[in-house]
Structure formats: structure tokens, C-alpha cells
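Right after this note come the structures.
Shared chain: chain A. Partners: chain B in the first complex, chain C in the second.
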Partner chain A sequence: MINRRNFLTTVALGTASAAFLSACGQSSSSSKTGSAENPVTITYTWWGNDDRAERTRKAIALFESKNPDVKVNGNFTDFAGYWQKRATEAAGGGLPDVMQWDLSYLRDYGQRNQLLDLGTVKINTDAFDKSLLPSGQIRGKTYGIPTSTNAFAVYYDPAKLKAMGIAEPDGTWNYKEFNSFLAEVGQKGNGTLFGGTDYTGVWWMFNIWLRQNNIQAFTDEGKLGFSKDDLKKWWNTTAQLRGTSAIVGEDKTTQLLPKSPFGSNVTATEVTWDNFMAGYLGDSGAKELKLVPVPSDNSDNLGLFLKPSMLMVASAKTKYKDAAARFIDFMVNDPEVGQIFKTSRGVPASKTQRDGTTFEGTDKLVVDYEKSIEKYLKDAPEPPIVGFGTLESSFKRVSSDLNYGKLTIDGAADAWFKEAEDLIKQNA
Partner chain B sequence: MTTMATPTQSTPATPAPVYNPKSESGTAKRIKSIIFHIVALALVGVVLYPALWMVASSFKPNSEIGGSTTQLWSNNFSFDNFVTAMDGIGGVSTLTFFTNSLILAVGAVVGTILSASVSAYAFARINFPGRGIFFGMMIATLLLPFHVVIIPQYIVFQQLGLVDTYVPLLIGKFLAADAFFVFLMVQFMRNLPAELDEAARIDGAGHVRIFGSIMLPLMKPALISTSIFSFIWSWNDFLGPLLYLNTPEKYPLPLALRLFVDQTQSSDYGAMIAMSVLALLPVLVFFLVFQRYIVEGVSTQGLKG
Partner chain C sequence: MTQSPTLSRRSQSTAPLQQRPSRRRGADARAGYTFLLPWLLGFIALTVGPMISSLYLSFTNYNLFDPPKWIGLDNYATLFQDERFLQSVGVTLSYVVFGTPLKLAAALAIAMLLNSKRKGQGFYRSAFYAPSLIGASVSIAIVWKAMFGDSGPVDEGLSFFGINLGGWVGNPSMTMPMMILLTVWQFGAPMVIFLAGLKQIPADLYEAASMDGAGPVRKFFNITWPMLSPVIFFNLLMETIHAFQIFASAYIISNGEGGPAGSTLFYTLYLYLRGFSDFRMGYASAMAWLLVIVVGIITLIFFKTSKSWVHYSGDSK
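Showing the complex of A and B:
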């Protein structure tokens, strides 16, 4: 059964791929344009909840009113399903024209030539922090434009600290001070409130510690840039705290899933990305949560950086490069789009968008935090290596075995290194 | 499905405590029976606890679900979650999701019943050349994991321009691609006495007549079991719709449910659980209405006719 529409699609696909083949090298000549009477339709897909769907719909409507020659067909799924779907589509050759993207999948799809080199189309990146753009680039090609940023932080609940008579931290602390702070909370928490989770189990915190010590997590060749001894040293940082009330037990953490201990009011602090704020506030029901910088033994180098909380990418096979580029440019730069999304995607990455947005309440907290750490920011790391997601979760698992006491620090470092090296070899 | 059937089957197996004056151990029997019932009820409690937790949680505010709160019932009882759940997602009403799920499930049942019964008749009653090989091949597809064929299948439907329609999800059902159901019916038919068809054939009936007037009525238990499983599987299917449907207006319930939980932002567990409760109702009703036929379908083996 081939109806007119399908027939047209098939023909269009055929011509597009023929044009694509003949146009290798002289890019963008295959791009099609529409007119107000006869608009082209591009598909845009994203992950997220009801709230994001609502906001994105508004942004799309605004884009269509400003660009009458382009129609945007928006689709969404949940995060986990999103990647299953993309993997199948990529294999079947049918990726949507424009996609919301996550940093950990950028290298994978970029290297397999599934994504459009956005350097070849017109997208304005003048308003972006120069330290941020490398995170969307692989070997000189720009595959993703960050929509928004997040930064690492220590969260705490001021009300809980006040109730225990503990002074609020100001974020200028070294690891020893941070540890004794956790221990104090745990001691005064009387078994119902713990200091925090074991921060040495968080990959990004380890990465920041490496940066503080001027060690690269991954080399340019995609190998591990740190040694087993570095990792042992890192896991030794909290050796005195494991099993005490400074750190919430692994069994308890598991019981609380899918919520985090911090969101369940079991700990007074948490070390993670600053865009979790809204989620924590919702989960815990706390009135106010605050953010301070991570500890560092070198007060000049906090190892902090801005990470794209999400990126915009286009399919390498899109028929409408020009329309796709205009839509991406609009989504990342337009001040009105900033006003629609606020910080629900993270803090807007583009200055024009950030300046055009009024931030209130929680949003303001996160934006102010990122402003306060501006002087410490260094270049964002390149997109993580292929298979990074597996490495990150095995880091979490091995360190939770460490907390259960199933592994010694040496054994844990051996176990993780073996997994990591196998994985890197596999993907090489 | 088997776990759902267990508690209902275990109850009739209990011997009713009949008063027997000749037996001296009447009281002992009664005590035994009471103990048995207590143990059985305790087991049922364990099995049903997650369901109970789900129903109880659907009336709780978000911050009291999971986490450190262990109370089953909340003092802040409210229907808010159901209101949010019925509001729909991103401008698509929840009723749309229900309708889509229903279209897919009913389509799957109709397709499977029509195609599987005809194919099963051919395998069980018609002696065509290569029957053994074809039957073997059909069984072999049971051993092929679904994940192996995902991508080739996707490419086929993508080239045909059928992605984002219900065709990829339903066409297999209408072409007897569910080997399990064909196999179930073949086994069922083989147990029906061949004399019945022979008698019909002597009276001048062809295959169509034999199938329609003799086989189908006798196969009622097998048809009903097939409908039940096919309905429930389709209702709960997540991966198929995820891969083939793009427009949110076409999403069935399992896809919509996942949209309430977003680990990268805030998650509305309350609304998700409330919607799960609502999504469970049709399947539960369907199961309750037809569950006696499942037992019948397994036990009669067709000799009743």
C-alpha cells in the first residue's frame, strides 16, 4: 500500500540521498528551503516530563510564528526510552532532523557520522562562554551546541543544620574540613540524619579532584589519564568515614530508591550537579536548599567547569539543514525561549538568552551559584569517551561494594581498572 | 501471569472442613485447616503487598512516596494524583492514551485469534507437503529473541514509510507471527477427536465448514486463553510502541506512564502511580471476567465437546 504521501517520502529520500552522495565536500547544497505558502516540516525530539513538553510546545509555536516557512513536528519520550529509540533509528537511517542531546552520547553518534557538523551551517555562537564550546566538539568538528549549563556543587539544607546548631558552610574548605563537617552532622544527627552520601563514589567528583591535581581523566587518545594509585588515594579520602554516621549506609540508600537519600531527608548534604535543585526541593519538601562550591586542597584551583546539561544536535541525513540550523540557533539564543524554559534545562548557556531571562526563587539560586564560581571555571572537558555511561555506573557500583565492605580499596581499584580497560579496548 | 493465577488456584485446593462424627480427629483437622488458611492468607498478603502499596501510594502526596516514609496510609489522603494523571501530558489527554492502548490491544486480540486459529487448523488437520518442516520453522521463531530482529524489522517498516503508524505493531498479529499462540492451538486441536472431522467430511463438509462449524466452537477455551494473554501482552508492551510511534498523540499507556518520571528533572511519582492504578483496571477486569476460562482451557483438553 503506497499512498501519495509515502510515495513522495520515498522519492524525497531517494533524491536526498542521491544529492547527499553527489554533494560530499560541497556541503549544504543539498539543503532544501520552504516558503510561507509551502513550509518545510522538520522533526524535533526531546526527552523530559510534562512540564518540559509544555514549555517546548510554547517555544515551537514561537519559532513557527517567526519562521512561517518552517513547521516543527515535536515528539518526546522518557530519558531511558529515548536512547533505545535513537539507537534503532540510527541503525535504520531515520534519525529526526533536530534532537535534544546528552553529553555522554555525543562522541558515540558523532564518530559514527550520525550527526551533522554544525560548523558547516549558520549558528551564532558569539554569546557563548568560550570555555564551554569544546564540550560539543570532537576533533575540531562541532556536533552539539549547548543549550544550557550546570556546574558541580555541594547542596545542603540550612534548616537541618540550624536545628542541630551547626554553622552553615561557606564553600571555602578542603577535604579534611569537609569530612569533619560530614562527621559533625552525622554525630549530631543521632542516627536519623547522616552527613551525606560517600562522595568518593561519584565519578564527576573524582574527575574534579583529578582536575584539582592537574590530572586529565582521559587522554586525547581516549585512554585513562590517571593511575591506579590516584584512584586508591581518592577512595582513601573517606576511608575514616565509611561505616560511621558521617556517611549514609549503602543498604539504606538502596532502600530509598528511586529517591536519593538527600531527597528523602536522610542526609543533610549531597554532592552533585546544580540542576537537581528543583527535583530535590520537590522530593524532600524542604523550604530552602543552598549551594556552595566543592572542597579543594588548592584554594586557587577548584577544578570546576561548566558542563552542557544538554545540547542541540541535527541528524547528518537531514534534508533541511538550513531550517534545522535556524531552529537550533533559535532554541539556544533567543531571549524569549530563555524566558519560557527558565532554568528547567539548566542555566541558559548563551549570554543573550541568559540576559533576556528573569530568574526568581530557585532559578535565581542556581544562576547566582554559577555566577559565584565564574572565576574558578576552567575549560570544559571534551565529550566523554564512548562507553562512558558504563564506566560511570561501574564506578558507582564498585564504590558501593567498597561501602558494603565487600571490597578493600585495593581490590576495588583493581576491579574498576580491569572493567575500564576492557571497555576501552572493546570500543577502540 | 502465572503469579497472578497462583492465589486463585490455591484456594479451591483446600479441603472444606466437613464435620465427621466417625472421625475422632475432627478438631485436629479443623485446627490444621485454620493453620493452613492463615499461612495461605499470609502468603497472599506478601504477594499482594506491592499492589496494595501502589494503591495506597496513589493517594499520597509526592514527598511521602518512597524514601524514608514507611507508613502505608498517609494522613494527607487526597485524589490530587488522579487529577494530575487525568490531565494528560504535554497537551495530550490521558483518555487518548487509554483509547490508543485499547485500539492496540483489541487489534492484537482480533488479529491473533483470526490468524493463529486458521494457521493452527492447517498444521493440525491438513496434511500438506512440508508440514513438518514449516511447523519446525514456526517453533524455531519462538527461540529467536525479539531483540535480534528489532533493527532489520525497523529498517523494513522505515523503508515502507510505516513508522509512526499502528501497522508495524499489528501486522504481525494478523499474520500469525506469534508462534506461541499457533503452537498452543495446534496442541489443543490435536487433542480433539479426529472422528468429528471425519464424520463431517462424510456429510460433505469441506475445510472451511469443518473449521467454522466444528473446530471453532470446540476451541473456545483455547481461544479465550489466547485472547487473555494477547490482550495483556499488548496492553503492557513498551518496546514496540516506543520504537515505532513518534507522535505523542499515538502513544499507548506504558509510554505515557514513563513520562511522569524524569530523573534529569523532577519526577511526579504520585501521578505516575495513580495512572498505573488506572491503567491496571482494564487488565484486571478483563482477567477477572475471563480467568475461569484459563483454568478451563488448561484442564478440559477439548474432550468436553
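Showing the complex of A and C:
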């Protein structure tokens, strides 16, 4: 039988234990250099899909065979989860020794002394284009070495277009022409194939459009360089397409995560970085994908630029500076690593690596694409501000709400500006 | 349940205890605290300590890397102007209000079915409990994501009956029903407790009621419900608190973003995003403490109202 006093005691105990939390600690070893008999182990982490994981494992195996005194413990996640993990680790002082890094987050961690100044260790940068290295530097310190460069492009699947009897685009198009192209694909796709995703939801495409209109995204003081009206005008570009078969619905996109609609063969085109080629080929199983420049209303100014597609960084707290530096040097310079990755990280930034790599088939398409837009390339964009990663993801989220019809264009612009101004104030 | 053994042990031991010299009692206490020590140290270092520091952090602007800056009540004040925060409160409340009663109703119904004497009851009990063992795991959330996608089993099954809802995962108005179904399906833990409670109701009460001509409905409302009310109260309290804390399944199903269109932006998920995506630990701490306070108030209300509907057998009424 149940008696009040005992029962309430049990409830109280149960409630207390329900609130019980757990935490995990970490252990570390103290040795600094290893030998072939007693190698040191460094940790390396990257984001990407299975294709990149496979290539990275090959590169690590090669490094270990050349450096028997170092073992590399690799680990990867998708892009979104990647930054949450790094934040948790940074808070606990346990960042991996070497990490693949994105320009968007370089300031957040570099300025806050989480990353190793690579100027203090031995990494050979002689083979790098001198205009590219500053993108990994903040206030005179080198926090990241670019592995490779990438540029924005429109992908399309020629086989899908051919099956629908649509001519392949040549990439000399303005926004109106691009939109009618998407609409045509959607129309002939019969509800199973859509034109593309809503490209106005991609921050970097917006950035390119701003550059096409000679507007800086961020001022030198770290403030927003564009107005709410600019943003509204941008989101209005595809206002007629939202909810039609020209653009794949957010409900579909959400379900396909972490794969992209293009990689899942749900759309015929995608507007994004040119180094996604290998990933898209792997995900979609398509024989061939092609690249053309992004649309612009000013055919002399495509707003395009080369950006370090990713950087290699080391943790400021690493105990194995020497091993970490050797691994970074190997990943960015070794010609055999170039052969393993081809263009899946972007076009290799180091000339040694680039010259040591044979580009064939689709990889050649990426290299050729970057050559073809050379005359349109302008300086790389101003270094993103602290907290840029958050701005980028909220841009995507607000755009997605816009596509769900949860927000109007005005409401979306208000919502994003509120978040952006709040964030800039917070980090000031 | 565990009350009876505790009760009997205590009533046996109180009598000799009074005759013992106080020196002996002090030694007992020391031994008790010694045995308690490992837990106590962990509790202080891993729970109380972090809670106190998070209380402090909730009054600061803290980005994980730089030292925290004291800003007083600013975090708490900003909360109520943050539309995403208000959205997360709405999402969580609707989950608690609809999910918890449904889960308890399912648990009670199954417990009553399993309480009858039938062959193979042991098997059925294990089978019905299984979902709650695996339900909170990552893999199940992934399976549910696949089941409720476009052309997944649920979509196909409903289409067979002419209901075309499409995938639930990508549809902002269907994600909440999906999350509630996921929690209802994990009825195992409250079910076991209900079952134990049902077994303690004396069979003679039902026999007497049958003699007087009471039907199953009357027996349920006049015997089962009042006799079981302490257990119902316990389960209601625990499940409500649990529901407020939902995180893992929402995190996985929405890819850690609370989408689509913020429809799975649960309170704890937004707290996590604020802390670990936006590096606003002070803000996240303020959210955490607000949750502690609100859950505390709700628990208090439950205890206050329990007097009117929870009946304990020891009571003279």
C-alpha cells in the first residue's frame, strides 16, 4: 500500500536523480616528440562527406608512412555540427591538434588566441601565391594556411538537361535569364526534378551580387556595408519563383539533409563553390557535371573572386607543435596529397602541389573553370567579421522561413537585420 | 514498489536505536558520510559547482574565450524581446501540454492490459518496455526521420487510406505531431511504475465492487483512479519535467537547427544553439536558470493541487 510520507520521499529522490548531470573530462600525455618505436599521436578533424573522408584517410596513411614517428587520429562531421563541436572543445581547452578550417570562423578563434601562430613553426609557404596568404593572417599573425582556392559557380547536370531537351547554358546570363532557365527546368521536370534551390538564400551569392553592384558587404569598421533595402531587393529577385517548380521546396530540402538537393538528383542546378564537384559526383552518381559563371546584370562585373576554400590550422594548446606543423606542411605542399584530393578541396593553392597533380575529367573542369573566369576575378572579399559564421547560418535560416512562407520579404529583412545588429553590438 | 521494504526496515530499527549510546550513533553517521562521499564529491563538483557558476554567468556577457563581463539583468531582459526565444517557449509548451498526458494515458492503458493474468505476460511486458529503452537513443531518432520522410512507411501507409500528407519531417505543421508520437511511443518507464501501482491495489476492493454491480468504467473511476493517484501524480510530475528537457531527438531530427521553420526549436535546443553556435554562454545560462525556475514553480503548483486529488492510503479521509 502507498503511504504519504514514504511516497513523497521517493518522489523527492526521484526528482533529484532526474536532475543528475554528467560531464566528461579529458586526459593528455606529456611527451612532445616521438620516435618510430614510440610515435606521438596527433588528432586531426575535418568536415565533409564520405568522399572526402576516404581521400583524407589515404592522405593520413601516406603521411604516417613517411613520418613513422607520428600517428594521426582522424575524425570528421558535417559542416554545421563541426562548429558546435569546436566551440565545446575550445571552451574545455581541448581543441584537436590540427584542424581543417573555414575563413568564416578564422577571426572568432584566431583573435581569441585559440589557434597556433603558424609563423612560429616550420611550414614552407614558398610555393604560395603571395596575394592568397594574407587571407589566413590576422594582425600580422598567421593562423591558417590555405589548402586550395575555390570560386562561385553554377553547376548543372548535362544529362538531365538533355533528357528534357533543354540547351546547355553558356554562363553569359543575367538574373532574368537565369530565372527563366530555372523555371523551364522546373516545368519540364514534371514535379520530380526542380530547377534549383533558392539561390537568394546563399550568403556568398548575395555577397557576389553586392559586389556586382559595387557594394561592400562589411565596412572596414566591421559594420554592415549594405542597407535593408539592398537585402529586400535581393530576396525579391526570386520572388516570382518561390513556391513554383523552379525552386525545390524547403520541405524537400529539409528531409534530404545532410545531403543537398543537387547531390540527391532532385534539382538540375546548384549555385555554390566549384570545389563541391567531387562531393556532388559522389552523392548523385552523375557521370558528368558542368560549371558556368554565376548570373550578373553587368556582364563586365561578375563579382567573382578566389577564396581559400579551406585552411589548415593548429590548436594554440597543442603539445606536438612540430608534428602538427609537419602534418600541415604535408597536407598543403605534398604533390601526392594533391593527387589524392584532386579538386575536392578546391584547386591546390601551393604551386608544388598544383604542378604535381594531374587534372583529368571533372577535375580538369574545375581547374579550367577557374582559368576561364580569371579576367573577371577581383580581390578576395574583406575578411569576415567576428561572428560571421552565425550571420551566415542565420541568413540561411531566415531565407528558409521566407521559402516556407512563414515570413514576408520585409519581415525576413527585419528579422535578419535585428539579429545581425545585435550580434555586431555583442562582439564589438 | 520500494516503499514497503524501506518502511519495514525503519520501523524495526528505530526501537534499538534509542537505546544505543550517542558515541555509537556518531560512528554510524561518520560511516554513512564516508560511504556517501564519492557521490557527494561528484555531486558538488559536477552539478552544484557548474550550477553556481552558470548562475553567475547568467548575469554576464560571456563568449567562452574572453573573461565574462558583468551586465546585470540584461540577458533576462533581452530574452523577452527575442522572437526565437518566444518561439522556443511556444514549441516546448505545446509539446509538454499535449505530449505528456497522451504518453501517460498510453502508459496507463497498456499497464492495465498487462495487469490481467494471462499466459506470456512477462514477454509482453518486456516487449512494451523495449521502445523506451532504445527510444531516447540517437539511432531511433534517425529511424523516425526516415519513417516520416517523403515516401517513407508512414507516408505510404497513410496514402493507402487516401490521406496524402507527404513527408512529416519537412512540413512545419506536422513535425510537432511527429515529436509527440515519438514521446508517446516511449511509454515504457511510466508503464512499469503504473503496473507496480496497479498490483498494490487490493483485489478485494474490485470483488466487493463487482458484488455491488459496478461495471468496468465505474471500477476504474472509483477504485483504480483514486487508489493509483499517488502513482499518477508521480508519473505526471516526472514526465512533465522530462518533457521540458527534451533535446536529443529534436536535435537529430532537425539536424541541430530546430527547423523546419523553427517548428522543432525546443527550449533546450535554442539554449544549446545560443551557447555553442553563437558563443553566447551568458544568454544561454540565463535561459537555463529561467527553465529551472519555471519547472520549479510548475512542480510547486503540482504539489499544491495534489492535495485535492491524490489519495494516500494512510490518510484518514
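Rule of thumb we're sticking to: the second predicted complex is superposed on the first by the 258 of 428 C-alpha atoms of A that agree within 3 Å, B and C clash if a C-alpha of one lies under 4 Å from a C-alpha of the other, contacts with A are read in each partner's own complex, and residues count from 1 in each chain.
Here is the rule we go by: a residue touches a chain if its C-beta (ideal position, glycine included) is under 8 Å from a C-beta of that chain, and two chains touch if they have at least 3 such contacts.
Since we're looking at a predicted model, the values are computed, not measured.
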| item | value |
| --- | --- |
| Partner chain in contact with A:81 - chain B first, chain C second, else both or neither | both |
| Partner chain in contact with A:278 - chain B first, chain C second, else both or neither | first |
| Contacts of A:250 with chain B and chain C, given as first, second, both or neither | second |
| Touching partner for A:390 - first (chain B), second (chain C), both, neither | second |
| Contacts of A:264 with chain B and chain C, given as first, second, both or neither | first |
| Which of chain B and chain C A:91 touches, first, second, both or neither | both |
| Chain B versus chain C as contact partner of A:53, first or second or both or neither | first |
| Touching partner for A:43 - first (chain B), second (chain C), both, neither | first |
| Chain B versus chain C as contact partner of A:114, first or second or both or neither | second |
| Common interface positions of chain A, toward chain B and toward chain C | 2, 5-6, 10, 80-81, 84, 88, 91, 257-258 |
| Footprint of chain A on chain B - complex, ascending | 62-63, 66-69, 89-91, 150-151, 154-155, 158-161, 163, 238-239, 242-243, 246-248, 255, 258-269 |
| In the complex with chain C, residue positions of chain A that touch it | 1-7, 10-11, 14-15, 18-23, 80-81, 83-84, 87-88, 90-91, 108-109, 112-114, 249-255, 257-258, 387, 389-390, 393, 397, 400-401, 404, 406, 415, 423, 426-427 |
| Sites on chain C touched by chain A in the complex | 1-3, 6-7, 43, 46-47, 50, 61, 63-66, 83, 145, 149-150, 166-167, 169-172, 197, 200, 230-231, 233-234, 237-238, 241-242, 255-257, 259-262, 272, 276-281, 299, 312-315 |
| Residue ranges of chain A in contact with chain B within the complex | 2, 5-6, 9-10, 43, 45, 47-54, 56-57, 73, 75-81, 84-85, 88-89, 91-94, 96, 256-259, 263-266, 275, 278-279, 281-285, 309, 344 |
